[in-house]
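Note that chain A is present in both complexes that follow, paired respectively with chain B and with chain C.
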Partner chain A sequence: MPAAVTPEREESGPSRAPSPEPLAPIDRTPKLFIGGKQVRPDQGYSRPIVGPEGRPVGEVGEGNRKDIRNAVEAAHAAAAWAQASGHLRGQILYYIAENLSARADEFAARIRAVTGRADARREVDATIARLFTYAAWADKYDGQVHHVPVRGVTLAMNEPIGVIGLACPNESPLLGFVSLVAPAIATGNTVIALPSEPHPLSATDFYSVLETSDVPAGVVNIVSGAKDPLAQVLAEHFDVDAVWYCGGHAGAAAVERASAGNMKRTWVLAHLRDWFDTRQGEGREFLREATQVKNIWIPYGE
Partner chain B sequence: MKETALGVTEIFETMEYGPAPESDKPALDWLAGHDPAFGIYLGGRWVKGSDGKLFDVINPATTQRLARVVQAGAPDVDAAVRAAREALPGWAALPGHARARHLYALARGVQKHARLLAVLESMDNGKSIRETRDLDIPLVARHFYHHAGWAQLRDAEFPGHGPVGVVGQIIPWNFPLLMVAWKVAPALAAGNTVVLKPAEFTPLTALAFAEIAHQAGLPAGVLNVITGDGTTGKLLVDHPDVDKIAFTGSTEVGRIIRQATAGSGKRLSLELGGKSPFVVFEDADLDSVVEGVVDAIWFNQGQVCCAGSRLLVQEGVAQRLIAKLRARMEKLRVGPPLDKAVDMGAIVAPVQLERIRGLVNKGVEEGAKMWQPSWACPTEGYFYPPTLFTDVSPAATIAQVEIFGPVLVSMSFRTPTEAVELANNTPYGLAASVWTENINLALDIAPKIKAGVVWVNCTNLFDAASGFGGYRESGFGREGGREGMWEYLKADWESGLGARD
Partner chain C sequence: MKVTREQQQKTTERLAGASAPPAARPPVIGEERDVEVHRRPVRNPGAPLDLESVRALRVNRSAVERRAATIPTRRTVKKQWQAAWLLRAITCMDLTTLQGDDTPGNVLRLCAKARRPLRDDLVDALGVAHLGLKVGAVCVYHALVPVAAQALAGSGIPVAAVSTGFPAGLSPFRQRVEEIHASLEAGAREIDVVITRAHVLTGNWEALYDEVRAFREACGDALLKVILGTGELATLTNVARASRVAMLAGADFIKTSTGKEPVNATLPVGVVMVRQIREYAEDTGHQVGFKPAGGIRTAKSALEWLYLMKEELGNAWLAAELFRLGASALLTDIERQLEHFVTGRYSASHRHPMV
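Take a look at the complex of A and B:
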């Protein structure tokens, strides 16, 4: 089993009995996160995850079609999230940020270990800021009142799409993941997120942040594994209402083709984005993709 | 309809309608000016099709040929896309105010030729002159006025955004010119250039519109109009130099377009089929409801994607409402579309008539009870009477499949919860209408119905300021309003990024 990344644990405390060797770190087994529970993958296979020099850094569950099916069911069961007030959803997003912030060093160390990047702490800080952005938006992404030539009003409501499958970017494993999850749940959707395929450990670490942040079970489901095949399953699923896909051309084409089954909305983020850039990585574009406009005509008088 | 002249006293006695025909002469003269065949409009010029293939355009109310138009082939589609591509930099670079002047000129042009367009539309499609004159054409002008405004305001209201590029637009036959407006106005306002393909049953008003645009001085290549059937549409969808496809039509074709454009990087907006619920609670004003139902399902012979084709009535008033509806249906008038006093015109084409007949037969076979008025439709032309089904099971074919004809299926419910379940019990989600005098109930139900448009105590209202489009298998994207403008805009920073892979 690969070594855990937190260096503190590798040192013995002074009160401990002298030992000729430092103690082996305690193994951590990241699981899938479905319906608010940490679950083992249906098939019981794991996939090895390697760090920048090809050194093993952990193993994650190999999700399959059945795990996706369970996650979609859990996401539907959490549909009451759409009726939660923006105020409540905002509070929960702030709380996620708060709990991530308390573990910022740990998350930074993980990103450093799996990517070898020096700016890991910057990614964690940007992620916390991103969560604040969507906590802010949760009670502000208003609809409109249209002026139409009848005596009455037309209310243009921004409604959540429903259940969204998210194939998260491979780069920026924590920031990219949160950049898709946060706008989707801020607007009342429930999601099945496929984390970065080469660097999924930041996402699997993240479920324990979700668990301590009052996120209702099933609002965020995380299925690790081979991203393109899992994205294909999401795109084919008749109870999934939209798929956002960050990945290569072949995967994007497959998702778009499969989406024709129930004509779900797809959003292919075809370009390599700079997730740190707030213009590219957050804001109204994401909120628009997370919602659909319903116009309610209400004439009055005679 | 009786053709004999009646004395005034007799008219008072019988209350019969006399014929009130709108003249077709100006439209026939205009058509005669395009004999033996229309061209296609490319790069600001009218040209013949590359291989000389033509097809006939038929008046469905008379089965007479109105015109011959080009069946555009691959070289024509290529030329149209090339013209649009060449015109793009100049058009996109124009200041918003300059584009606004052009859109304003289009709105004015439509108004100046309003009657010609209304008559032509009625002859081409079979819909009544009352509808084309009072609804289609005024909404067309309204759409161009509204979007002249978005052209003017684009840079202020959508900073950091520009056009998507060359847009291929494929539109249906049920609202031929209105769909031209819904597609072309936002595209041009945002700075895109367009290749438009009208439906093969109804290309005439799109061609007339191209003439109006030409006269109004729209720069060459900004709007290109090609005619043809589905094969022409497919050429446009598959064309590698098109940046976006906007399509209105059936879910079946929408699905094919989604598959065909997969992985191409083309943006897509689809406005597809529907089976929209018309929900009547027991406290509704039933006389208003009856008129609402007429507008919901017999408007445009029911050939409306958002037609209120499923009548869901609360049990306590179901019998009373059905009785009132039958009485009203008995008084509906089906006849020559250019008669200003008919309620319903002709079905667009024999293939549609066959589809309606087939589905109605299926409904009867599956055990639903069919009712039609006692009077008969004209025998010349493609007409179908208003039809009402009762005792319909929610899983019946006629309760699930879009009929696209004047056929209403009715079901009853007991509780608001059951109403919502029935309302959402199709794969579609285009529109819905909710009837109750209780605002609390109306505003509780409206968000629960999965549909892009919900009309409270009204139906089939449209406006350029209010986005139209579906949920679920009714497609995605909106047309109209601020929400519709996003379909034709792209963030400037996107152009600077590298592709994945």
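Take a look at the complex of A and C:
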């Protein structure tokens, strides 16, 4: 509107010269990631996140039980992921790794800012390597043939469990997150991930990588907030098929207790792991926990 | 609204069980008041077709859309009030199966569900056993009416049959009327008819009026629900005019869709139809019912339709006599929500008997 133009701006003309000062960074509060969409938390609250010296480094959405409910619905709606071929799932995991690698510096800077650790770049590289590992596994963990003590064989098919709730480790905010998400989705599960409670910003940055990597909506859902209460809701939910929990003994015990009523499969990683170590942080142990075995008996005659 | 106000007053008292705060958990819903007994409103006898008033109807689409958009975005009823509203939604459901592969088996299953829509443990936990909760009706194709009628014998749940060449309504006229007679003979007590959409699209209101009049005569004592097929009527003005003509011709209910059109029951269409019902009640003093059908799958959307009825028409339209929800999968979602209310833990569909 011409009337609103101030004299100063008129002097500078319609094509203003860029200011010599760099723009101050624009505040951005990441949202939750549910059903392939960035959504505001149900209650509209956010929680402050502080850096290593107690300085605020940002905010994340405060998820509640209704956000978990919505995420579980979204994860079920994405059940077709289990029917996708292992090869396709592998290709998508490679694509995630590629897109993460293109933004490796940015992710490293974020990890450095929130944790104060100097080995941030090593964590990003380890994360990319982990994605490659599970991309390679995606079409190679489909089962085995067993000889049985009758005439015949059995096919032991590894099938995804379904919807898995993941309470991710607090340490290694990016690597720990991907170390749980990647094996679960590589084997065809859909997940609701609760990122590191003190350092959730790497996980919330990660959803823009997922968005650009052809990951179908609802396969990975991220709900930030207070980890233990949210894990409790997941454990009590009748439509969540398994819960993996990384964290303290009290939280782990609560998850196991809550799961007893609904016979849910749980996996609590109560001791601290070195996520950089490939023997502790990846491999068949994770794939086994992400799948259930269906035995098909094939008897044959003489 | 003068005519209906007195009745509304009474209904408000009956409904109080669903809207007054019970003391504390575990909640007892509708304990002191009988929420089941509703006086059937005087049947709409219809009125002569007044073409001028029909042609004069106009709908402001953007105003309607704005009104409709406010309904789902507001804060909803919570806790025990929500549970009570969901129970109310169950009593207003026309449990429906209209598939080409319907067999006596799945209709029997549907009828069993109609008699006991909630798991016994949930009924006990909610303290509503004395209400004898059941759905509004069971809606099937003609061929399955005898099966449903037999399965529901003694339950007080009526069988509704879709009729008159459902879903397109384009078979020969005499055959369509004959279909109504056949379904009534087979045991149906409610008839859902479809109109010839072409009459609406070409503005041939006399033909539409005569058609619905003939269906009404064929129905006799049975309840007549007129399906407008709003997804195929092109404009909201057409929806308003078709609603008006159907009511003038003696419809007991006007219903949005067959469930077979690409666009089913939407809130803007609902706003237009319920406002026509309101106007008709103001003009003639007769209450006509409303039945949204198609695409209503979640407990939340069922509540949205109930809000619409309460806000636009009043409490009288919150009972099965004047409001039905045509749905099937909806019931499972309502059960899940009620189980969450009882246990505090989210439920899964597979924990509830199939609809």
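Note that the second predicted complex is superposed on the first by the 273 of 302 C-alpha atoms of A that agree within 3 Å, B and C clash if a C-alpha of one lies under 4 Å from a C-alpha of the other, contacts with A are read in each partner's own complex, and residues count from 1 in each chain.
By definition in this document, a contact is a pair of C-beta atoms (placed from the backbone, for glycine too) under 8 Å apart; a residue touches a chain by one contact, two chains touch by 3 or more.
Given the structure is predicted, the values throughout are model-derived calculations rather than measurements.
Undergrad: Using the superposition on chain A, decide if chain B and chain C clash or fit.
TA: Superposition check on chain A shows chain B and chain C fit without a clash.
Undergrad: In the overlaid three-chain picture, which partner chain does A:E236 touch, first (chain B) or second (chain C), both, or neither?
TA: The second partner, chain C, only.
Undergrad: Touch test for A:N295: chain B only (first), chain C only (second), both, or neither?
TA: first
Undergrad: If you stack the two complexes on chain A, which partner ends up touching A:A253: first (chain B), second (chain C), both, or neither?
TA: In the superposition, A:A253 contacts chain B only.
Undergrad: Once the shared chain is lined up, is A:P52 touching chain B (first), chain C (second), both, or neither of them?
TA: neither
Undergrad: First (chain B), second (chain C), both or neither: which does A:H147 touch?
TA: The answer is first: A:H147 touches chain B but not chain C.
Undergrad: Is A:G116 in contact with chain B, with chain C, with both, or with neither (first, second, both, neither)?
TA: neither
Undergrad: In this superposed model, does chain C or chain B come into contact with more residues of chain A?
TA: When the residues of chain A touched by each partner are counted, B comes out ahead.
Undergrad: Taking the superposition as given, tell me the minimum C-alpha spacing from chain B to chain C, whole angstrom.
TA: In this superposition, no C-alpha atom of chain B lies closer than 5 Å to one of chain C.
Undergrad: Report, in rising order, the residues of chain A that make contact with chain B in one complex and with chain C in the other.
TA: Chain A residues touching both partners: 262.
Undergrad: Please give the residue numbers of chain A that touch chain C in the complex, ascending.
TA: Chain A reaches chain C through residues 68-69, 72, 233, 236-239, 261-262.
Undergrad: Going by the contact rule set out above, which residues of chain B touch chain A in the complex?
TA: 142, 160, 251, 254-256, 258-259, 261-265, 270, 272, 427, 442-443, 446-447, 451-458, 461, 463, 465-469, 471-476, 478, 481-483, 486, 491, 493-494, 497-501
Undergrad: Mind pulling up the chain C residues that touch chain A in the complex?
TA: Going through chain C, the ones touching chain A are 344-349, 351.
Undergrad: Which residues of chain A touch chain B in their complex?
TA: Touch list, chain A to chain B: 144, 146-150, 154, 156-157, 159, 241, 246-250, 252-257, 259-260, 262-263, 265, 270-273, 279-280, 285, 288, 292-299.
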